[in-house]
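Each of the next two complexes has subunit A plus one more chain, namely subunit B in the first and subunit C in the second.
For the complex of A and B:
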């Protein structure tokens, strides 16, 4: 064959000149092109901002009772009306967002840490301990969880209050006498007690399946230590599912907080919570529907946006589940 | 088969004991001193704290005994249908009486919701799978996702405002339970059904898609069957087994959501009893409700497993 007839080849076309897309580039690419997920993210960021600056944004003090403006329908002065003791509903919704965000963050962080510890502990120890942990988690998940959280809330409130009171006699810290603040603590504790089951189950199953995979075996054969395998191979592989789960469990925690408050046992009045506002408004739903609609629609939008955000993250972070 | 059922029932017992022990111990220690509470309300409140009366109440409630003895007695009585009295409610009613009045209503409500979610959710899931990735698919999945993500206690009042107050489609909801087949049941049952809709639609859709990609479906198409014939004769039957599992997982969700639905629609059921007990700190009622609801959920999951074994011969129950 006569090679001289071939045109000289430009070497740069032999390989890809553009940078290869990494996993995270791919994730961001997919996430950016999911408009529902982006909308969810925007709503969530807005929620965080309004929660942080709630006291600056609120037109009125959320506790201020204006007895000249009781049960006023929405107007220019009170864009979402006022409630039965003359408090501005819009200001209370802003502060309720702060409550929801604070409580949900604490619960989610606690749940993720407990779940991570319990799940990986069970997976590594194995045997009877693991079986017992699986049994507890299954039991937790088979029971109506909201009832368990409500039960723990009711059953531990007097004790935790008494502890706070006796601690106050020693330390004289003012916040220990704040009933609203203590109710925050009880809510976080009672929801946290049931909310760690999902992360624990996820972490356990992921660790168990990853441990048996070939690439982990290969690293071990190459002399990788347990720490190296955990840091460089297990955690990055679990991270995607963990991010999705944290998003969804954040929404779950918010739902639980407002559910408990709706049942009249979560955040104590005068603390602002969307669930408690719906609970208080429901008696007047026929004449003053805005009392239920304003906090209800706010809560619904936040829940939906977190759901969309979670779905979009799931699509982006778990390529194997795409189009499923 | 019989052995399997017996094994399953026996395996429920430890979980039931752990849950009741947990709720009993936490309830007894955490909720404060019931005897002190009774001394305050039943004794003469104008007098100073009556130590004699307090001791009498403690003795009556058996609070001087160690906790495991009290738990044993409580469990023994509970197994004989005696859950003690609800001291917080007017007239100290027997808790077992409250339960027999309220549980059937809630079970009927849950059953109605379960039937609704099945007859609405399964066809929607099938439709979404058949028209996979089309506009219909997206609309169906996202609308059921909206319905299920909105909390029950938001959806129910909004539905009440729209359907009853504004549109006058249904009679305004009166107090109480009007029977399973009354028009007043439609709205609460539908709101309850919305809780599980997304799970059912999603699972049906995914399971249908999985079966649709099987080789025998392609073979059926190759033999010239119409798409309708393929779906009804070959796909649906095989796709529905996972759906039954999901229905079993939906039941506790529905039971949990009755707490909200019954409060909003003022149905004197199990959920309302539970939420009243919670609000008033009536720990004996709440502990009894926990036992009963756990038992209901367990019996239901057993029933689902049995049905699963009956319709899918690949599942061997006699393990």
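For the complex of A and C:
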């Protein structure tokens, strides 16, 4: 073949050294190209921003009772109307978002950490310790969650209140007497006690398969302790699926908080919670449907966006789940 | 065959790094107890390379793992004695045993791709044993890790330090694995088929690297392989294993030039040579190794042995000396 007619090859373009795509580059690439996931992420970021700046964005004080504007239909002054004691619904929705976000973050972070530690340690140690932990996790999961959380909530509220009161006599911290704040703590505690079972089970199954891998044996053969291997090798390898689970369970925790508040054992009034708002509005749903629709639709949108986000992350992080 | 390197610098009074007596390892299973190792004895001196050869499943890897007390569950060391630098490791507590793993005994695994954490940069993994055993600061450990990477012949070690194992080629990965095993200058190095996953040219490089490391550190090395050629080239001593016990041991040259056990003879005659007549079929040992759960009551090799006699089926032979340092466990080796 005669090559003389060909243009000289530019060696620099031929030998262009391209950085190899890492696992995470690949994940970000796939996530960026999933519009539902991106939409979910945008909604979630918006929620976070409105929650953080809720007191600045709200047109009214969420606790302010305006006796001249009771049960007003949505209007320019109150875009989502007012409730039966004259509070602006939109302002309460914003503050309710802050509540939901705060509670859900605490529950999810605590659940993820407890689940990670319990699941990985149990799987790694094996034997009786593992059997006992599995027994506890299975026990937790065999009850209806909301029932169990409600039970823990009701059972522990007096104790936690008593602790807060006795702590107050020593420290005189004002927040220990704040009923609403204590109800936050009770909700986080009762849901958190139930919610760590899922990450624990996921982590355990992942670790069980990981620990059969040779690199764990190799670290052990160089003197690594069980804790060293767990913290430095197993947990980083489990992190991918944890991210997905955390996203999905974040939504669950928000729904949980709303459910407890709806049942009247969650966030105490006058604290703002979407669940509590739905409950308070339900008596007037025929005449003033916006009282239920505003928090209900907000909750649905947030839940849906978190679901999309979780699904997209799952597709991006697990190459086998990607559909062509 | 390549010229055999015979290093007979082993002195009889040299301190022994590893001294194993009558080691027995059992795995309880649902069908019964599997005896993976039965009465293995061996001594390794500093600077010596001992080859463990045998078919898959004959207990080579189990032996190596038991020297670190890492026999996989539910396996157990049921009898015998393992002395590492005079210390009986079977009497140590778990934390004392951990302090030996790394500085006293380390292992090179067969497949570096699975033996390195896929989510941790290779250099960081080499830092770990230094931090565990020598309590180096992360800065000092990093410097030492880069030094180690350079010493095993990895170019641009500073750049390689922060790369992941999937960014290494097979040979480079195995070099990193060797650097990892050597990080705490172990006195005993277990190399479990270190070149099986590599292509032939890279195999040679890795083998000469292991030899060079032996010369530099004077570590004792146990080389596990099923490649008779590798043993001939690398090892001072060889232990031929069959179904969990040693059938023939001795200096490599002696065993390979005057094999006495029928299994060793079969193993050696089943190797390929370039000059052999291709029209002839390849010599193979007929049959399969016995299941370790149903070991024959006599000699374990009896069912496949061309020289089998009545005595072989009745009692198990023990290692007996053929000549200086050369031992065989066979009832009928004199008749061969």
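What to note about this one:
The rule is short, and it goes like this: the second predicted complex is superposed on the first by the 283 of 324 C-alpha atoms of A that agree within 3 Å, B and C clash if a C-alpha of one lies under 4 Å from a C-alpha of the other, contacts with A are read in each partner's own complex, and residues count from 1 in each chain.
Rule of thumb we're sticking to: a contact is a pair of C-beta atoms (placed from the backbone, for glycine too) under 8 Å apart; a residue touches a chain by one contact, two chains touch by 3 or more.
The structure presented is a predicted model; accordingly, all values stated were derived computationally and were not measured.
Once the two complexes are overlaid on the shared chain, A:150 sits against subunit B while remaining clear of subunit C. Touched residues of subunit A were counted for both subunit B and subunit C, and B has more of them.
By the touch criterion defined above, A:228 reaches subunit C but does not reach subunit B. Of the two partner chains placed around the shared chain by superposition, subunit B is the only one that A:285 touches, whereas subunit C remains out of contact. When the two complexes are overlaid on their common chain A, residue A:142 makes contact with subunit B while staying clear of subunit C. Taken together, the two complexes place no residue of subunit A in contact with both subunit B and subunit C. The touching residues of subunit C, counted against subunit A in their complex, run 68, 70, 73, 98-103, 106-107, 109, 111, 114-120, 125, 128-129, 132-133, 164, 167, 180-181, 183-184.
The touching residues of subunit A, when paired with subunit C in their complex, are 20, 22-23, 126, 213-215, 217-225, 228, 232-233, 236-237. Those residues of subunit B lying in contact with subunit A across their complex are 15, 18-19, 23, 26-27, 29-32, 133, 142, 145-146, 149-151, 153-155, 157-158, 160-161, 165, 206, 209, 252-253, 255-257, 259-260, 263-264, 274-275, 278-279, 281, 283, 286, 289-290, 293-294, 297-298, 301. Considering their complex, residues 36, 135, 139, 142-148, 150-159, 162, 255, 258-259, 262-265, 275, 278-279, 282, 285-286, 289, 292-293, 296-297, 299-300, 303-304, 307, 311, 323-324 of subunit A touch subunit B.
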